[in-house]
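Note that the chains are named A, B, C and D in the order they appear, and that numbering of residues resets to 1 at the start of each chain.
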Amino acid sequence: MRAAIAGASGYAGGELLRLLLSHPEIEIGALTAGSNAGTALGAHQPHLAPLADRILLDTTADTLGGHDLVFLALPHGQSAAVAAQLGDDTLVVDCGADFRLTDPAAWEHFYGGVHAGAWPYGLPELPGLREGLRGTRRIAVPGCYPTAVTLALFPAFAAGLAEPDVVVVAATGTSGAGKSLKPNLLGSEVMGSVSAYGVGGVHRHTPEMEQNLSPLAGEPVKVSFTPMLAPMSRGILATCTAPAKPGVTAQVLREAYETAAKDEPFLRLLPQGQWPATSMTLGANTAALQVTLDERTGRVVAVIAIDNLTKGTAGGAIQSANLALGLPEELGLPLNGVAP
Amino acid sequence: MRAAIAGASGYAGGELLRLLLSHPEIEIGALTAGSNAGTALGAHQPHLAPLADRILLDTTADTLGGHDLVFLALPHGQSAAVAAQLGDDTLVVDCGADFRLTDPAAWEHFYGGVHAGAWPYGLPELPGLREGLRGTRRIAVPGCYPTAVTLALFPAFAAGLAEPDVVVVAATGTSGAGKSLKPNLLGSEVMGSVSAYGVGGVHRHTPEMEQNLSPLAGEPVKVSFTPMLAPMSRGILATCTAPAKPGVTAQVLREAYETAAKDEPFLRLLPQGQWPATSMTLGANTAALQVTLDERTGRVVAVIAIDNLTKGTAGGAIQSANLALGLPEELGLPLNGVAP
Amino acid sequence: MRAAIAGASGYAGGELLRLLLSHPEIEIGALTAGSNAGTALGAHQPHLAPLADRILLDTTADTLGGHDLVFLALPHGQSAAVAAQLGDDTLVVDCGADFRLTDPAAWEHFYGGVHAGAWPYGLPELPGLREGLRGTRRIAVPGCYPTAVTLALFPAFAAGLAEPDVVVVAATGTSGAGKSLKPNLLGSEVMGSVSAYGVGGVHRHTPEMEQNLSPLAGEPVKVSFTPMLAPMSRGILATCTAPAKPGVTAQVLREAYETAAKDEPFLRLLPQGQWPATSMTLGANTAALQVTLDERTGRVVAVIAIDNLTKGTAGGAIQSANLALGLPEELGLPLNGVAP
Amino acid sequence: MRAAIAGASGYAGGELLRLLLSHPEIEIGALTAGSNAGTALGAHQPHLAPLADRILLDTTADTLGGHDLVFLALPHGQSAAVAAQLGDDTLVVDCGADFRLTDPAAWEHFYGGVHAGAWPYGLPELPGLREGLRGTRRIAVPGCYPTAVTLALFPAFAAGLAEPDVVVVAATGTSGAGKSLKPNLLGSEVMGSVSAYGVGGVHRHTPEMEQNLSPLAGEPVKVSFTPMLAPMSRGILATCTAPAKPGVTAQVLREAYETAAKDEPFLRLLPQGQWPATSMTLGANTAALQVTLDERTGRVVAVIAIDNLTKGTAGGAIQSANLALGLPEELGLPLNGVAP
């Protein structure tokens, strides 16, 4: 099978290529870009030696056509137009936000403009979603923060252990902001400093978290979400808390998480007493998870680490694509972080 | 006036020395240490050129005696014995935890062992505390996290705008853990990685936050506190949230913070729309603060940045010592961060 | 084939395990340690999920025996005694220094104590060495710095283009110093700071560089080597210079490097104008190399990036082990860095 | 005395302001910028609380006029035109390259365009230069790398101990590249990675090093200079080597450096055995220096650490300005680094 990658010069595109280079069943086809079209990939992804001489093409129906699958790693809002030109039998995997939200009102409130619709949501671990991904030809890859937060909290909500009043604070590496040339993303600014941004319920990933958790809770889940930029290139560490339902014990909580993680290849519940670090998951498709009950405040506290570019974007995309293509879900996806 | 520093080879001791070297009214006297006694300071604090040849003495009543003030930067549990041997007319400033908590039960729960008592608490910004610090001869310097969290939330509680159900997630630089030789503090482990620790209501700074905020709230404040270790040497960024009281508006909230910060030299409320970064405060005694009302979830969200070693320890210690000594509160304390 | 790893709780051991987990022909057998024996691997290598529950054994002939190959990742000086107890038909791959140097006088000068001898040197790229590694049962894995410096300069010396008066300055990530609990390796010390160490011709890797290059030069090569510690976990960037022989042109130099790199799977000569960054090689067995002629000073300047733990240690070890075992040299070894 | 700063929104401008805020004799006057004119300084220098509301003016003769001194922190090539409009009695301190080189041919080769001339060179430590700075009304502030390299090697050349065949490799923090929005300066690219640039004798600071050292050597000094970008915001660590003259001993070398450093307030020769780290000098105007004789290769190896923005730019500028204004040379300049 041959895959085209649209947006190959960006960070999501680069990670897709790094993973696909080790994928035994997917061959790398056309690589396209926006303003970088016409240049060699090696100028943008110097870590990908085997593809260094590939010339980036324009992102068009023409260049993307004729592939078995197409990964879209485009700025938000550009995927719908491109996808419309690709045949229904082509697997289209959108790493952008365009097709994630089911609620047009949420889309308009957080993104503005017209809602493009919703595609099967590429988070196989979320109860009920895996089967729908098998054989699909359209996949909306979850946002990086929603991936982390949903994986951290779905066991509690699925087991009816948490109240729907969620508070999340998460630190991300700078690659989560992409390659945009903004002063606050310069190395001089980010090294040695943690900063807050998107505070106060305005981050666009917020409704996606609520959309994932509310059906499990059986009531609307509200998430107070605060992201932080940390001085590292990759990784998300999310602290996710919610009041425990009355009567929930630490043991019941632990068992719910053990049950949820048991058969999930990429959801790793750490032994009690060990807490996640993003280095555990660097470059890997694994989420490292721990949970506890804060008896003093009665809150469930789940902490999760993922690599925002791997499980949080490109790895998650390939995991769902594997399902869509009838391949083993784990094929070609690294389990182990690169550490130290 | 001459100051002795006990624990001069550690990070808190080093920061005290760096600041005192620029203090116009305090001269540096004896420097003492534990296992490093007998070695030159330059081996432990190579950034302090003028003191490089000073030999570290043992920490005894003898070496610390005969000074106008003594800063204790000792491991928890060691301050009481040392302080008992210093005269009542010597100003003793304890950077450790020994005399911070007023409630013996909280001490025993979080620290274990016998409660040594409580000294005047060195956070002049907390309503009601500044006057009690003038002329005192004993000061308990607040913990670094409680400094950040208290400064971030006291305006809301003092104005009656927040419910007492607080959730705090804070990232700290590694110097907050001191110079202890633990594998998880090695550069190889911390660089490129954010990790969680002390999760689930077990961090020792938790009761101190509650002790500071409860009197302002007029009811017991409960804090769910989760700390994270971030890949930087210095700095704390704390996201502090609590449900807003019914009817609180964004404008009322802003005004409460503007009132609280107006006359505080080290509490800097940022212009609306600008969010704190720890680099703003690196090496400075300033706290950079922002607040908003998340209308969707009804939560007050305050974010604050401090340097854990400066405002969070040594700078805060000198600020309170200035008050105790009848000096201008701001004397010798840098206002501006070293950035980028 | 089954491999035992002695020293599995250290950084070199961890990287061996990370790579072997993806190696299709080598199965992971016994894991041993020194003072960490008896504990679970997950406490020391939390990024290696599939091995988290493995208990570390003592490093003895007994625990290491019965494997097809044994990787030794032990402190210098410990390999000889262990190796002596392993049968001649067991492939023993020593990641330590014990068997690298051929000259007893150099050993005694730089390491002290008795010289254990020399084993086939595991740098297949060095002209003349690859064949000797096929079928061998003893391999001395090169030091990380000598790997970088030798790969950077052998093309120039093999082609007779450089004078034997070499100056090398190289920056390394902190994992090069291992997991030793030293104050100068704490995250607080290394982040935000570059420092020098081992200056003035005293670093133990110096004679190994000279040993590698002198035979190619046909005369004794002298290396002035200065290492630096950089604020990153992994990676070596080495700037290697030597006076060009009279008459050498930029084109002749380029061609010599192109020839040398042409058939080497792990030696990547970058396109002219692109310079190495360690991120290109993070977690990969690739060396990224560039060379130029400084016409003003008449010096050859070669710059190379490797991952000190991969190509510089564990990856290089597996590459040579593949040859020894009759497997394809590149088997199981990643080509592409994890970036950004 | 009042100072205007042209280029106040950049890194050099920000560091000038940070230092001037603590300078007892220089008041901060007009702040000007290029494309940032019209915006508040707080948006660009959020660490400088007292100046946050200052509006940046256009850089014109008008806005800069009427000050006792003017600091120019402008892109190369813009200083001459601005300076020409400022009166001869105004002290003009140029942090750019325009007036550093005395040799028009060197200017044209490395910078291109017309040579603007040369001003008194602001490196008071360089033998013979201090007196010429007293009372001057024009100062060319040295480049950051030439500051480091010259301070590291002038003692050897002034004492006739080194051959003029210099090899320098230096690592710099990213602020050395300024605030330019280039992909390779993004945090995601620089964190966790050391990279080379400007290799092969093409870096523009090279002729400045040669210009400084040649007169002391009494013959033309040639410098092979290779810079590296390190994952930190500030700091330069330069390894500077040259062959020792015949007969030079370690003791003679040490004594020459001790003599050179003895009366220099900002040149700190470390005790033997201690090597520089950039953290020793972070935010300080101090250079930390060490030297040794590599007996094996016969080379002098000097290693130096400075903060590129402080001693390497803004601090050096103020140090020379102090001399020009008849103030104590050290006035307002921090001696001690901010560490850890």
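Note that in this section contacts are C-beta pairs under 8 Å (C-beta built on N, C-alpha and C of every residue); 3 or more make two chains touch, one makes a residue touch a chain.
Note that this is a predicted model, so its numbers are computed, not measured.
The rotation relating chain B to chain C, fitted on Cα atoms, amounts to 180°, rounded to the nearest 5. The chain with its Cα centroid farthest from the Cα centroid of chain C is B. Chain A and chain D have centres, each the mean of its CA atoms, that are 44 Å apart.
Chain geometry summary: the mean Cα position of chain A and that of chain C are 35 Å apart. Annotation for chain A: residues touching 2 or more other chains are 11, 175, 186, 188-189, 191-192, 231-234, 277, 279, 282, 339-340. The touch graph of the protein chains shown is complete.
Contacts from chain C toward chain D in the complex involve residues 165, 167, 169, 171, 186, 188-189, 191-197, 199-201, 206, 222-224, 226, 228, 230-235, 237, 239, 241, 275-279, 282, 290, 292-297, 299, 301, 303, 305, 339-340. Every residue of chain B that touches chain D in the complex is listed here, in rising order: 11, 14, 18, 21-22, 42-43, 45-50, 52, 175, 191-192, 233-234, 268, 270-271, 274, 277, 279-284, 286, 288, 334-340. Here chain C touches chain B in the complex through residues 11, 44, 173-175, 179, 181-183, 185-192, 231-233, going by the rule given at the top.
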